[in-house]
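Structures given as structure tokens follow.
Next come two complexes built around chain A: one with chain B, the other with chain C.
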Partner chain A sequence: MSKNNVRHNTEDLILEIKNLKTHFMLDTGTIHAVDGVNLTISRGKTLGVIGESGCGKSVTAHSILRLIPSPPGKIVDGEILLHRDGEVIDITKLKPTEEMMRNIRGNDIGMIFQEPMTSFGPLHTIGDQIMETILIHNDAANKNEARDQAIDLLRQVGIPNPEQRIDAYPHEFSGGMRQRAMIAMALCCSPTLLIADEPTTSLDVTIEAQILELLTGLQAQTGMAIMLISHNLAVVSEMADDIAVMYLGKRVEFGSTDAIFDNPLHPYTQGLWQSIPSVDGPLEKLVPIPGIVPSPRDLPPGCVFASRCSEFMPGICDAPKPVPIIEAEPDHFVACYLYSNG
Partner chain B sequence: MKAFIVRRMILIIPLLFLISVISFATILLPPGSYVETYVQNLERTGFIMDQGQIEAIYRQYGLDQPAALQYVLWMSNFLLKGEMGRSFIYQRPVKEIIMERLPMSAAIALVSLAVTWLIAIPIGIYSALRQYSVGDYIATVIGFVGLALPNFLLALAIGYWVFASTGRAITGLFSIEYKGAPWSIAKFVDLLGNIWLPIVVIASAGTASLIRILRATLLDEKNKQYVTTARAKGLPEWRLIMKYPVRVAINPLISTIGWTLPFIVSGEIIVSQTLGLETLGPVLLAAALGEDMFLVGSIVMILSSLTVVGTLLSDILLAWVDPRIRFERTRV
Partner chain C sequence: MNKNGKPIIEVRDLRQFFPIQEGFLRRTIGYVKAVNGVSLTINEGETLGLVGESGCGKSTLGCAILRLYEPTGGEVILHDGDEKLSVLELSHREMRQVRANMQMIFQDPFASLNERMTVLENVIEPLVCNNIGTSQEREAKAENLLMQVGLQKEHLRRYPHSFSGGQRQRIGIARALSIEPKFVVADEPVFALDVSVQAQILNLMQELQAEFGLSYLFISHDMAVIRYVSDRIAVMYVGKLVEYAERDELLQHPTHPYTEALHSAVPRLAQRGRRDRIILEGAPPDPGDLPPGCVFQTRCKYAEAKCRAEEPELREISDGHFVACHLAEDLNLVGIQS
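Up next is the complex of A and B:
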């Protein structure tokens, strides 16, 4: 879908998601959690992924690392292409438990989660869990080296007294501290891509700012790419180079942060933006757009946003076929009939 | 941690005191003192005692004293000399009888506990990881059969089956030729041939509930965020399951030791009676039937105290393996 140009030079690509479909087969029906998503992430860049709760952001992220519980979940279609040292690996073709996949996890792609309070095992020290990651991905390292490295990482993420705190248990850390430790763990093998799934949602505002600042700083140091999933428009606009807007398992709009903010095309994106008082004023969190999100269990035919769209065009938007993806301006994609010239 | 252990040890003292009082109360409980029973039994055999002889017996056992004083006497004898009075039925010191049979009782109880765990943990892990698989259902059914069948019935059924198919009769702990014999390798091997039956039977009762607990906790734990985190780090599946959710799920089992111990002890009593094992169980039953109350009270006290101590040890063990609990409980 993307033509070669300066920003999305294929050499700079590290992850391409093409037409990804991840479904959950439940007794009560199939949930189309992710239903034809396309994303690209370039080296050293930050991709912001936004959308209301339940639109499939986490399922997309978990699909990349093949962490979807199966059954009931399954990647039914699409490709996830990881560019690594000149080769291209289609992650959807790997078995979740196979060695290649385990090598990618934690090593090429690190991930931090929404829930810092529960993301560490409760019975092992923080240090043990960080060192473990270093040791499984680096056969040459011994315990002492891993420990020194873990202490260094904890210092880098701003944990005071890392020499002592490395032996602390998770319950002895506050939420913000745990998320810092989590970042240290995700970064310990210098991944080329860090997936941050709402890393600050459960933290208070000052801690949130500190964590985001930390991520930006670490990105500048290491040159890693970040896939930042967030509810928070302000966070995304500050951090991201590109933004993907998701709605009900679809990526409805994709473009550079400037393009998405200055020229939002999809009615859903425009709806999100309407809550923002002014360009210079403080940015607010998403306010709900009128109407309710239909259940991903029984998707409407045609455009998934039709039930809430003020621009709805009967006979066109509800035609029972996928909405075409249109490149409305260079590198700015939108899935909406308003922009198809036909 | 040290402070925690010391505190728990101190807390256990009033509990042990209470046990000793209740045990002593059982001694005084039956209507008509056991001396009367004793005298009646003698009379039945034609031996008539005069009042003076009877009073001499009362004095000999301190029975002419008030109850509180009798308790103090009994306890101080126990604490200072390990004496617990005399058995009327066996005509021997209670201490001797208990020392003879307690080790075997304790061994059977402890080995049964260990066997319960050895069976329950792998099955529980398997059941949780392969929820609703055929193996999971089979484990559940067998577990419930073990839970529902009365111990004595299971003991008789297996005993009969062994006898019918091999001709070996499992009664008692040793074959007749080894009964009074000193310990030897041959005697030990003979013991192994018999002792598995009571152990399997006693373990069968506790296994089912342990499997259920482990399965339920593990089902809960294996979907927690920290397991996904471990997976996202690239750990091999088997290793991460054993290291994280299984470890967490096994901890609650440690706290079940406290309440499974009494079941194991009472299970041991019933099974030993059924199979005629030379343990404390049959003695306790015979003593209770014969109102041999020093023996009854002493056995009750010893078994209860050991159970309480076992619970304490399991508590300490739990705090030792679980940093969260250590953190919570060791704070004053």
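Up next is the complex of A and C:
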């Protein structure tokens, strides 16, 4: 599969995340929700981010858009570099409310949320909410143009009779329809990057297939990049070019989809593969990862996966220092002592 | 697994309708046909997987079999040794005893435990309700079970709120098994769990099945989970069983267009970058306002005039393979190759 070529041309980069740390300072202690994450996303590509609940995948997405509630949340370290027309903007240096940031949200980066049921305000029609976004981001547009544009968008995402449905309220839409409307809203300023946070989690499989197909189609049409966040490995395996595996705020492995599936290196990734059932392939007994995810309030020293790891090396893995990130093969990174020589 | 083909539960033409009421007088203007004439058999020691999308009536069917609702019509027969009990005709007193043979594991481990009781009390409760053993015996039994599902001794006196979802589900399983049922309805037991914990619970349920000779009706929307646990699989769509067969037969050789579409929609791990999904247009019909003929005809790409006029019966087209489709013999449908 040629689409899984990871070698990033720097000209094609849209977003680079370097050593991002987002912490939540609570009365009961500091939660290291995202703790040193590196990611890169290129034009027209799909980056899959997988991990279990609490691994920091949503917090990473919200950090990119500066939507972290502060206090208690804060980006304490790292850079989020947005490449736009030859210039590079560090999002972490911007104020969440300033003009530039508001511009980036929507114009450069669009986002669709997990819960299509709660992401729309219940008191306004779907059309009004999409038109509001268009009017905010495009000063030139007037109300009639915005309405025409909204109808076009709804048609593009496959809502039947958009001329009438534009005046419907969110509760009159089914879950799949609402997710389509959500996508229409995210697309209204043609973002170069679409962040999709568990876009199909609350949907039935046949509806999920519709939405995934729609996203693939829109990507082919517009050339936007997609950051697809999901706990569903099968969804990610079908959609993504590259995959980042996260565990407890760390990016433990990163590589092309083929590399991550055919040659998983981190014991956590290997454990995930053995613990999920599939509808195809040989039917083998599942091997669960023992134990549970530790509380992010008191992280173990050293490698965060050490307490559940089958390859645990006493004195090395639990040494209180950061785990090195190793490029085990070209463009395939893993944070694990098993692959460090010496 | 012990599969001697002896039935434990037989369901015949089970119907569960809920009235739609309107206006000040709450007059009944129609019915939501949540379960609309379902027949199936579950054998001793076997797992029947029930798969379908949300709102198709799979949970309602599970509850109706256990008579947690009063079904509108049909029959549920429980085989107890050589005795056959018609569950829906029993009095409340008789029902109590029968329930000891039929238990349920619920979907949401955060809602199904009593928060005011310790873990141990939660598991003892069904024994008290059914008057089984002395209090020492009950406690010993509950303790044993909790250890068996993987809890530790120091956990027993704690309250449910201090446990994670996976551990709560273990407690829910221990509670369902405490009165030694023969038949268990498991309603999406791993739905709320993380993938790495999901495998722990699935394996635990299989070990317990082998040890106690349990029969499961395993309800899930996730075809991959259903494939892993089931001996046979039943596919439900808007209150009807559309197809049911042995696991591999149903996966590899579907004969109902809905089963084919469902298979096609499920994301796969072994085939990456696949782009040949069958996309079903629209959404399932409203169970309160069903289309004429086949329930699936509004979304079926193979539908003919007959499908829109006449409702297909569930019929056996090959040994143990049942399907409700007029065209089953003529279609050449694509399954999942493993």
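Brief remarks follow.
Operating definition for what follows: the second predicted complex is superposed on the first by the 323 of 342 C-alpha atoms of A that agree within 3 Å, B and C clash if a C-alpha of one lies under 4 Å from a C-alpha of the other, contacts with A are read in each partner's own complex, and residues count from 1 in each chain.
Quick note on the criterion: a residue touches a chain if its C-beta (ideal position, glycine included) is under 8 Å from a C-beta of that chain, and two chains touch if they have at least 3 such contacts.
Just so we're clear, the structure is a prediction, and the values are computed from it rather than from any experiment.
Using the contact criterion defined above for the overlaid structures, shared-chain residue A:206 touches chain C, although it does not reach chain B.
Of the two partner chains placed around the shared chain by superposition, chain B is the only one that A:172 touches, whereas chain C remains out of contact. Set side by side, chain B and chain C differ in how many residues of chain A they touch, and the one touching more is C.
In the superposed model, A:334 makes contact with neither chain B nor chain C. When the two complexes are overlaid on their common chain A, residue A:317 makes contact with neither chain B nor chain C. When the two complexes are overlaid on their common chain A, residue A:67 makes contact with chain B while staying clear of chain C. When the two complexes are overlaid on their common chain A, residue A:97 makes contact with chain B while staying clear of chain C. Of the two partner chains, chain B is the only one touched by A:133; chain C is not.
Interface residues of chain B facing chain A in the complex, by the touch rule stated above, are 223-237, 243-244, 247-248, 251, 321-324, 327. Across the interface of their complex, chain A is touched by residues 53-54, 164, 166-167, 194-200, 202-203, 221, 223-225, 227-228, 251, 261-275, 277, 279-280, 283, 336-338 of chain C.
Of all the residues in chain A, the ones that touch chain C in their complex are 1, 3, 52-53, 174, 176, 204-210, 212-213, 216, 231-235, 237-238, 257-258, 261, 271-272, 274-283, 285-290, 292-293. On the chain A side of its complex with chain B, the touching residues are 62, 65, 67, 69, 97, 102-107, 110-111, 113, 115, 118-124, 129, 132-133, 136-137, 169, 171-172, 182, 185.
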